[in-house]
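There are two complexes below, and they share chain A, which is joined by chain B in the first and by chain C in the second.
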Partner chain A sequence: MKLTLGKIFIQDIVFSDETRLESGVLHVNPAQYEQLVLSDDKISSVSFDIAKPGESVRITPVKDVIEPRVKVEGPGGIFPGMVAGVETVGSGRTHALSGMALVTAGPIVGFQEGIIDMSGPGAAYTPFSQTLNLVMVCTPKDGIEAHEYERAVRMAGFRVAAAIGELGRDVEPDEEIEYETLNFVEDLHLFFDLPRVGYVQMLQSQGLLHDTYVYGVDAKQILPTILYPTESMDGAIVSGNCVSACDKNPTYIHQNNSVIADLYAEHGKTLNFVAHIITNENVYLADKERSSNQTAKLCRMLGLDGVIISQEGFGNPDTDLIMNCKKIEAEGVKTVIITDEYAGRDGKSQSLADADVAADAVVTGGNANQVITLPKMDKVIGTLDYVNKIAGASVDTLQEDGSLVVELQVITGATNETGFNKLSAR
Partner chain B sequence: MRCIAGKQEDADALYGPASFLLTGPSKGQRGGCVKYFVLTNNPMVCEKAAAGADVVYKPGSIQGIFEEAACYIAQGHRLLTHPLSGSVKPGETPYKSMLISSDALQNMDLASARLISSAIDACGKFSDKSGSYTEQTLRDLQLVDVSLISGAMDSALVS
Partner chain C sequence: MKKITVLHYINQFFAQIGGEEQADHPVEFFEGEVKGPGLAFMQLFGDEAEIVGTIVCGDSYFNERHDETLDAIIEFVDRIHPDLVIAGPAFNAGRYGVACGAVAAGVQERLGIPALTGMYVENPGVDLYKDKVLIVSTKNSAAGMRAAVKLMAPLALKLGRGDAIGASCEEGYISQGVRVNFFEKQRGSKRAVDMLLAKLSGKPFTTEYPMPDFDRVDPQPAVKDVSKATIALVTSGGIVPKGNPDFIESSSASHFGEYDITGVDELTSEGYETAHGGYDPTYANQDADRVLPVDVLRQMEREGVIGKLHNKFYTTVGNGTAVASAKAFGAEIGKRLVGDGVDAVILTST
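What follows is the complex of A and B.
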């Protein structure tokens, strides 16, 4: 399977009477997208705003971050199973509006959404301070349940992102990257002398407001399976969760998965990137056993020499992470795990809720309990009404001078466990 | 689900000491291949969990419910769900529900003991915000907990 990803570098976003993409500038008429959002009767109103790198702007509560893309050639459409059909994606040609993001915001459950600061010390911790952000704040109808609101905002985000992505269909990209994964027989012959490496991605799937979708299927219902690594670039995996902001994978991160990008960069040179294996992180312990057994089996079936395993979240997923690591190692396949740490505010506590001697190669995304002070910003997009309640904040978070004393947990993407962040340790 | 106030001695006889039984003594009446009861401090579990489940309701803190689970595990019961289920951390949610095997083994299940010990340790890592929540936020947190445990109960039916 071969995908050409054409990146159109977005230089600026401006509001305009007419929506168009011209010379790298995205002109947006918000009224054009309001009806796309309000077509869901769970949402009573929507407002759009723009946040640019370096501005004194705070966005909160952030639900999802999405990169607008369009399928130009090849089967299917972006976000299959959600706003496109269920054809298998990942081949042909896709255009991405690179350097920008659609950020959806709203107080879904009042305690699990994140913060993006566009400047100041907080900006250094989130990759989304570097993107031009079109922010979509959705207000729910009175009386609807949190999970109904989550679904409404999630789907509205995909509809608007797909519509914006469409503007790039006929635009000549600034950069093109080709990604190709051969079938197992072909790559075995071509790269016979290179180590066979896979990527095991654990998807958040614990239940309501903790879900991830694969081609529209709730990931907690899947058995571990194999994807071409290019499928996620076309939105085959999307976020549907409202978990801690620092280590959840927004849809943007699924589209731009760092592990996949780095493995492709070495593909055919130092290693043979064989497959993207996805598995889940369920609550029921027997589900964990089943999924980790199947994941280890797939690694063996594929004749892998090594895998990188990334998790999403903390606590419950730590057990899946260690089960996967132990069982895959027991099949003779070397593992490197990527996690973050909840090591307490002083960094002295046990970092993970589970451990094993097999987990002897670990990459960390940072300590989510680390405390920082975020100075007051001139402008807030969204609301600070919930800022004392989100994960990583406390009743003392909002200071008299408007600054926030928080743990890194509150910052979207701060300790991301696919490496799509700026923290680590050596 | 029947959620009636039972007698303390009923709970003690069924599952050991220090619990308050809210359901009738219908041990193992559901659960497919796995017989279990729900240990919870979430009042919404009594309203919304699937019919037929046994529920041991023990009001109190999340650390208290972990320590209660540790007592059952010490008596040979097995933990069937992860105690740190959900992204909402100890201190950030006041509610936790767990599935615990109705049957007790002769020897303590070491995997269960390790998980609950780790969960109790985790309580010290997070600041307690539960006193600052509005009624709506508390209801959201209860609903998330109910959803997580309901999903596990569905899994128990087919495991």
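What follows is the complex of A and C.
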């Protein structure tokens, strides 16, 4: 399977009477997208705003972050099973509006939506301080239940992202990258002398607003399975969760999965990147056992020499992480795990909720309990009404001078466990 | 800008008094003098810092008269009151390492003056003092002096200026068991690919988080007669009286709550809710008995299945809460339960 990913570098976003993409500038007429959002009767109103790198702007409570993309050639459409049909994606040609993101925000659902600061000390921790952000603040109808509201905002985000992505269909990309994965027989012949490597991605599926969807299927319901690594670039995996902001994978992270990118960079050179294996993080013990058994089985079936395992969330999923690691190592397949840490505010506590000697190669995204002061910003997109309640905050978070004293936990993407960032700890 | 003032502690060997035969050399104070490795430090300090005196002591002398010698050294340091104290580096010399650790830790604890030393990782001084002072990791012999000073001098300047100290792998000190965040040069996924390639080819690699020794607790023997037992409910599911009166955090809880349920037959949505931020609170808020089953236990109490339900419940939020905090909560809750004569506990999580 071969995918050409054409990146259109977005230089600026401006509001305008007419929606168009011209010379890298995205002109947006918000009125044009309002209907697309309000077509769901669970949302009562929506407002659009723009946040640019370096501005004194805070976005909160952030739900999802999405990169607008469009399928130009090849089967299917972006976000299959969500807003497109269920054809298998990942081949042909896709255009991405690179350097920008659609950020969905709105009144709280659970306690776990995040903060994006576009400047100041917090900006260093979130990858989305570096993107031009079109922010969509959705307000639910009165009396709507939390999970209905979550679903409505999630789907509205995909509809708008797909519509904006459509603007890039006929635009000449600034950069093109080709990704190709052969079938198992072909790649075995071609790369017979290279180690066979897989990527095991654990998808958040604890339920109760902690979900991920694969081709529209709730990941709680899947058995571990194999994808071509290009499928997630077309939105085959999307976020539906409200886990702590720092280590949940917004849809943007699935579309731009850095483990996949960095394994492709070595593909055919130092390793043979064979497959993208996805598994889940359900809360019942039998589910954990079944999924880790199946994942280890797939690694053996594919004749893998090594895998990188990435996690999403913390605490309960630490047990899935260690089960996967132990069982895959027991099949003779070498592992490196990517996680993050909850070592306490003083850094002195044990970082994970489970451990095993088999996990001898760990990459960490840093200690999420580290405390940081986020100075007051000139502008807030969304609302600070819930800022003392979100995960990583406390009753004392909001200071008199308007600054926030919080753990890194509150910052969207800060301790990402797909290795998207440079933050680490020792 | 004012120069950072430094006092330097070395042994008889590095002061060029003599080797083992001079190990009983008593402690001496050389105000205004720079000796031995101090010269190398001075070169790297440039205009930023200067050594304003050197303390010399024989290794045996220090260790055999540990307390009184340390007192004398502290007194001298207090009088000069430098911005910083450097001890050693001691490499793999055991008695010298212990002396350097004691001096550096003593100065820091008793005078509040930052201190720094350097040792080989197997020096017995490392285990004794690594969690008290910064110990730069050095080679095992004085042949590594140049490399050691090169690591210690910039870290000394940072300490002297009161700058933030980075992670152990960045600054070159021996890990103190405290996790410190920092920004790596490569993103995590690239580091993972590189680590996997090294592991696959049998080359050395360093894990970024060595696995801890996991604390496993054996269950207590079964309660012999539940119908006579007092049972308590304890939860990490965040059930609190409505309004969360003690402000238990939605994640990374700093405390637990103790609430009286005398006369409470069930937890209604008017009276109770969850503070937990790790799951959809809808169903717990509708009926908190789903997380903390007061209703079922009251029924069992009436039916005589259990002796009685303890009149207090304990609650916190498990979400993102550090293990050390959870352990401390557990110890305190356990103490109170035992004190109240509770026989058994039902722990509910989410």
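Heads up, the rule we're going with is that the second predicted complex is superposed on the first by the 422 of 426 C-alpha atoms of A that agree within 3 Å, B and C clash if a C-alpha of one lies under 4 Å from a C-alpha of the other, contacts with A are read in each partner's own complex, and residues count from 1 in each chain.
The rule is short, and it goes like this: contacts are C-beta pairs under 8 Å (C-beta built on N, C-alpha and C of every residue); 3 or more make two chains touch, one makes a residue touch a chain.
On a predicted model such as this, the values are computed, not experimentally measured, just so you know.
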item	value
Combined model on chain A where chain B meets chain C, clash or fit	clash
Touched partner set for A:Asp356, first chain B, second chain C, both or neither	second
Which superposed partner A:Pro195 touches (first chain B, second chain C, both, neither)	second
Chain A residues touched - chain C or chain B, whichever exceeds	C
Touching partner for A:Gln130 - first (chain B), second (chain C), both, neither	neither
Partner chain in contact with A:Asn282 - chain B first, chain C second, else both or neither	first
First (chain B), second (chain C), both or neither touched by A:Ala146	both
Partner chain in contact with A:Asn369 - chain B first, chain C second, else both or neither	both
First, second, both or neither for A:Thr418, with chain B first and chain C second	second
Contacts of A:Lys348 with chain B and chain C, given as first, second, both or neither	second
Chain B versus chain C as contact partner of A:Lys220, first or second or both or neither	first
Where chain C runs into chain B (options 37-45, 73-81 or 271-279)	271-279
Doubly contacted chain A residues - partners chain C and chain B	110-112, 145-147, 206-210, 243-244, 314-315, 342-344, 349-350, 353-354, 369, 389, 391, 393-395
Chain A partner contacts - residues on chain C that touch it in the complex	167-170, 175, 177-193, 195-197, 199-200, 205, 207-214, 247, 249-252, 254, 276-283, 318-325
Residue ranges of chain B touching chain A (in the complex, touch as defined)	34, 79-82, 84-89, 92, 99, 114-115, 118-119, 121-122, 124-127, 129, 131-134, 136-137, 140-141, 143-144, 147-152, 155-156, 159
Contact footprint of chain C on chain A as seen in their complex	110-112, 124, 145-147, 195, 197, 206-210, 243-244, 258-259, 261-263, 265-266, 270-271, 305-308, 314-315, 334-336, 338-339, 341-357, 359-370, 389-395, 407-409, 416-426
In the complex with chain B, residue positions of chain A that touch it	109-112, 145-147, 204, 206-210, 220, 241-244, 248, 282-288, 313-316, 318-319, 342-344, 349-350, 353-354, 369, 388-389, 391, 393-395
